[in-house]
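In the two complexes below, chain A is the common chain; its partner is chain B in one and chain C in the other.
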Partner chain A sequence: MSRARFALSTLAGPWLLLPALGIEIATFLVRGMPWRGEGMWTVDWFAISLYLVGPLAAGAAAVDASRLSRPGNLHLVVGVPRSWRVYARAAAWSAIPLMVLHLVTIVVALLVGDVRQPGAGWLMMSVAAVVQCFAILWFVALGSAIGRFVNPLLAGLAGAAAGYVLNYLVSDALDGEPRFRLLALGAATVTLVGRGYNPGYLVGQLAVLGITSALFVVVAMRVRSGVRLPSAAGAVAAAISVVMIAFAPAVLPDDRRIADPRPPGHCLGEGPEICFYYEHRRYAELIEPRIRTLTDAALEKGYPAFVPERIMEVSHGYRPDPAEARPLWLPSQVYEEGRYTLEDAAYDLLLPAHCEFLNGPALTPEGYDEVFFSLLGTWLEIAGAKLVDAPVEHRTLTPAEVSRALDGLAACEVRK
Partner chain B sequence: MNAGRLVLRDLTKAYGNAFTLGPLSLTLTEGVTCLVGPNGAGKSTLFRVAAKVDRPTSGSITVENGAGSATLGYLPQEPLLPPSATCEDFLYHVAWLHRVPRRQRKDAVSSALAAVGLTDRRATRIRKLSGGMRRRLGIAHAIVHDPAIVLLDEPTVGLDPVQRVSLRKTIDTVSRNRVVLVSTHLVEDIRGLADRVIILNNGGVVYDGDISTLEKRAAPGAPGDTDLERAIASLMGETS
Partner chain C sequence: MAFVRTVRAWAAVHNTGTGLLTLSVVALASLLFADTTMAGIGPFRFLTPVSTLLLLPAVAGVGAAVACVSGHRLPLPDPARAHAARAAWALAWTVLAILAANVGLVSSSGTSFSAITRNVVIYLALSLVPVSFGQASLAWAPVFAYTMAAMLFGHAANADRFSYYWWAVVMRGESTAAQMITAASLLALGLTVYVLNPGRRIRT
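After this line comes the complex of A and B, so read on.
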């Protein structure tokens, strides 16, 4: 109790818990909590909060290290055995509460999302969460190393600025090229179903973050004519850290995420059977009735070509063979707003997303828009809805025309 | 505990071309040694080097001891005592820094508080202490790990006469079985505390001995009301 009381009365770091709690709660609540249900997305989503928490932690740790190093206190740093202990203690009081808060936030989010069978696996999700905690530790250690050599005001600014800049320089925020980056922690804003973690990448991050954090904390100081400078060993430790961070991409894996080709396994009904990923089972109540409205109307009005035998949710690692199932991609408004219209459903089921012309620089074939929007308008019309804001003129197709057009799109051709 | 010895061998500390302390060769033994000198004589520099806060330019400074602890305690001229912490929590922290074993920390803190007469203030926040109490707490933080050598840099500065008397008693208590080096400007401190006096001027030792011998060095025309004052003034080169 005495230690906690002393830390709270002398250090800035522990008080960072309060703004960090606000940041974690804001991260939790924004955009309709779209990560709910997906284990990997949940873990990676909360890396977003570290874009603020990291620099703040570095700044607070720098202030604490600087205050410990002031002239009237310096004798309790350089005049005691293993002087790094005093910095390590201060850093621990900054880092550990933030790490615990971050882990608790992720655990609460997993519980709120009712995550039960995460495709990425519990072990790798746990490792990814620990990597984020190590990143917090790394920011604190970086701030501590900076702070011990400058005055408190400058230390706070320099620590926070260094944390902020490195957050971008050593992460994938500015450059999406596959390459190992120490602070690539996720910060995912879209679904990650169909992806898994690359164990080598995460272990590499753990190792580099852990080693460089330790090196930052043990950077020893010497005083030369009143000026605080790193000792020779401290300078070597800092240099080793920089070299490790700079050269880690040369030896560690490039991709943090790997494709998971697992098909969806949560299947409902028949004629058509609709399969969702287990992580997205909560969206079935929203999506299945819309699709059933469309397929029932198509069968009733004599347009069986619209109705596939099976509809399979697609993911980053899985796309069904067009001959066997119609792909279904859940748009972002499903996750963020819980909104899915008949038009959304028809559009998603008709879109020939497997075709090269929708995925590359090639132009769409002549007449594609007319055929596509005619199909869309026809399906909505027979289901009692109306296509609004179509970009091209379209017309109601006969069942035979629908069948011919759909066969054409399956082969990535336009058949009128 | 046996008192140790603080041994300086050809010690120098240079700050560019502006100032050089030493070379000094001294051996400090049990009891209170008062270090006297004008501003800029090198007193605080010597303390910082002795406390390992600053490195000597050349020479060495070592703590020697026959038995027991050979550690060193240091009260800087303007210590930063954390104002929001309680006396007890602060001393626990310092004891931890000096690697006092966990089981002995409570006794170490109690002993240090008792030695400086602050036992009844153990739970008081430091910002609520008077100036004299803060000085005493500063001494407590310098002895909480039971060091053989204690360095006190101008501990009585800024205190009123009553507080100075009280603090001298505290230092006297602390000096039992220890080497205590006290820097001061005040003649009354020297007379009340010193077993030995060292006078520094321009970075060099101009006197090293006891008070009675020092008093005999008083120049007749030197400023001061007593032989001790006149002697110190004479040795500092301030003869009128």
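After this line comes the complex of A and C, so read on.
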């Protein structure tokens, strides 16, 4: 009998590959695959599947470890030299297939998204993907350490529950404060353009995940009066792991992502020139025609004030100087549904997003809504569309009024 | 006396202690965390915060299923009376699990009795499947996989439908009659499979 067949017939862990494949495929397909094209987002997106795979892997590894240390198999793990090797071999059958599957999924996703020049850099993206694989290893090692001391019927429950609870305790689930968190693996649901990885953070995760996994695996067992207990060295190893996990935030960096202030570089056409991030080039054919419809109509009907010289896509790290270019922000339905209307385009190009009253506690100037929706309605009207619902009364403006109102909004004032 | 002796013998060859331990932990957690809610998993918010009392039935269901695992490992005859006894035993654990999971409602009104009961019934039905097929140590696996899939993928991304999909029903804080009937039918199915085929070739 081959080793693989032996492992499949004696261990639960290798079977996890089947549900894990389903989970990876579900993660791949949900929400319209919005990550396609963005390197960093693709890598971080697939951390979503680890919320499921992690606790399941901990449970399966716990079952396998507890079957090794139940009466009848004890002679395999007690009183033999380097007994941890037996557990490590069983754990490896859980961890390695899952890690390979996860890496393959990420590589396939990068190919499907045609990622070519990721802003976050290939090296850091690779490190982040390896961190996710180390997290799988960590869940398995944790489950294996717990399972050694629990009866087989409860081992899976204990391992999976521990994995589930730790997903909260050592990740960013309970509060969003920037702090080093061992299991903050990404799981981004919005675009990450304009951000990069913090190398210190990722290396810190690699080190802590790697060392504590190794410590969990070597926890050895002794039997006293039929009760399974950790050996003295094993108890020390487990204690060191807990202390390391608890105190890592004190010495390691706080922010996993750092801002990347690079402007977009994929520019198309002129009058206006529209610039996208290279990683968002697949949206250009959706968005550019909408904006051209608006600007061509404005020029044709004598409203040149509507037409900016340049339109620059904004990111988490970059926002154009309002005097030089209009900012373009892609709403989530662009990523998730591929939907972008004329109204979306006009609304975004008119919104004075740099003004304090839209970003802070400052009061909105009187008459702002009326002026804003009159501008929006006018622009849509000359482009042959109609403003469907506006919260206030609005009217069609003349070119001179448009020019005056836009100058006002640029200065964050309302001019009628 | 003969009846009491039979019950004691029956309890001794099943995982009664393990089941009681699990259900005690559930009852205690139900009391302690009655007013706790979970807002999401990882960076994902649930539609509304979900009461811990809706999640503890997962553990209660596994505990009750584990208590139904027979440990005698002997090729004993299996007459109709043994079938009836198994059905009664499993039903008794169902009731115990429902009670243990609902203890928290004594001090809290965070969620409803019917929703907790619905979840216990669904989870018990799920964990009886591996038990019936001789994989009792994997009784937790379908329960965890299903719950976390419901948490992550159970509702639409942009919440234009403000509700969980029908298959992620365990996340809903209220239960309807239709849900109770469906859950009860699932359990009836699970119990039938268990009674006819209690996982004789047990591997633990």
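What we mean here is this: the second predicted complex is superposed on the first by the 414 of 416 C-alpha atoms of A that agree within 3 Å, B and C clash if a C-alpha of one lies under 4 Å from a C-alpha of the other, contacts with A are read in each partner's own complex, and residues count from 1 in each chain.
FYI, contacts are C-beta pairs under 8 Å (C-beta built on N, C-alpha and C of every residue); 3 or more make two chains touch, one makes a residue touch a chain.
This is a predicted model, so every value here is computed, not measured.
Visitor: Which partner does A:R70 reach: the first (chain B), the second (chain C), both, or neither?
Guide: both
Visitor: With the two structures laid over each other on chain A, which partner does A:V78 touch: chain B (first), chain C (second), both, or neither?
Guide: Touch partner of A:V78: chain B, not chain C.
Visitor: Answer with first, second, both or neither: which of chain B and chain C does A:V86 touch in the superposed model?
Guide: After superposition on chain A, A:V86 lies in contact with chain B alone.
Visitor: Let me test your reading of the model: by the given contact rule, A:G226 touches which partner, first (chain B), second (chain C), both or neither?
Guide: A:G226 contacts chain B only, not chain C.
Visitor: Now for A:S332: first (chain B), second (chain C), both, or neither, which partner does it touch?
Guide: In the superposed model, A:S332 contacts chain C only, not chain B.
Visitor: Classify the contacts of A:L375 with the two partner chains as first (chain B alone), second (chain C alone), both, or neither.
Guide: neither
Visitor: Check the residue A:V30 against both partner chains and state whether it touches chain B (first), chain C (second), both, or neither.
Guide: A:V30 sits against chain C, while chain B stays out of touch.
Visitor: Quick one: classify A:P19 as touching chain B (first), chain C (second), both or neither.
Guide: second
Visitor: Have a look and say if chain B or chain C is in touch with more residues of chain A.
Guide: In the superposed model, C touches more residues of chain A.
Visitor: Once the structures are superposed on A, label A:G156 by its partner contacts, choosing first (chain B), second (chain C), both or neither.
Guide: second
Visitor: If you lay the two complexes on top of each other, which residues of chain A touch chain B in one and chain C in the other?
Guide: Residues 70 of chain A touch both chain B and chain C.
Visitor: Would you tell me which residues of chain A are touching chain B in their complex?
Guide: Touch residues, chain A against chain B: 2-3, 5-6, 9-10, 70-76, 78-82, 85-86, 222-226.
Visitor: Can you check the complex and tell me which residues of chain C touch chain A?
Guide: That would be residues 15, 18, 21-22, 40-44, 59, 62, 66, 69, 136-141, 144-145, 148-149, 151-153, 157-158, 204 of chain C.
Visitor: Which part of chain A faces chain C closely enough to touch in the complex?
Guide: Touch list, chain A to chain C: 12, 19, 23, 26, 30-31, 48, 51-52, 55-56, 59-60, 63, 66-67, 70, 151-157, 160-161, 164, 167, 171-173, 187-189, 332-333, 336.
Visitor: Would you mind writing out the residues of chain B in touch with chain A in their complex?
Guide: Listed in rising order, the residues are 15-16, 48, 51-55, 72, 74, 76, 78-80, 82, 84-86, 88-90, 92-94, 97-99, 125.
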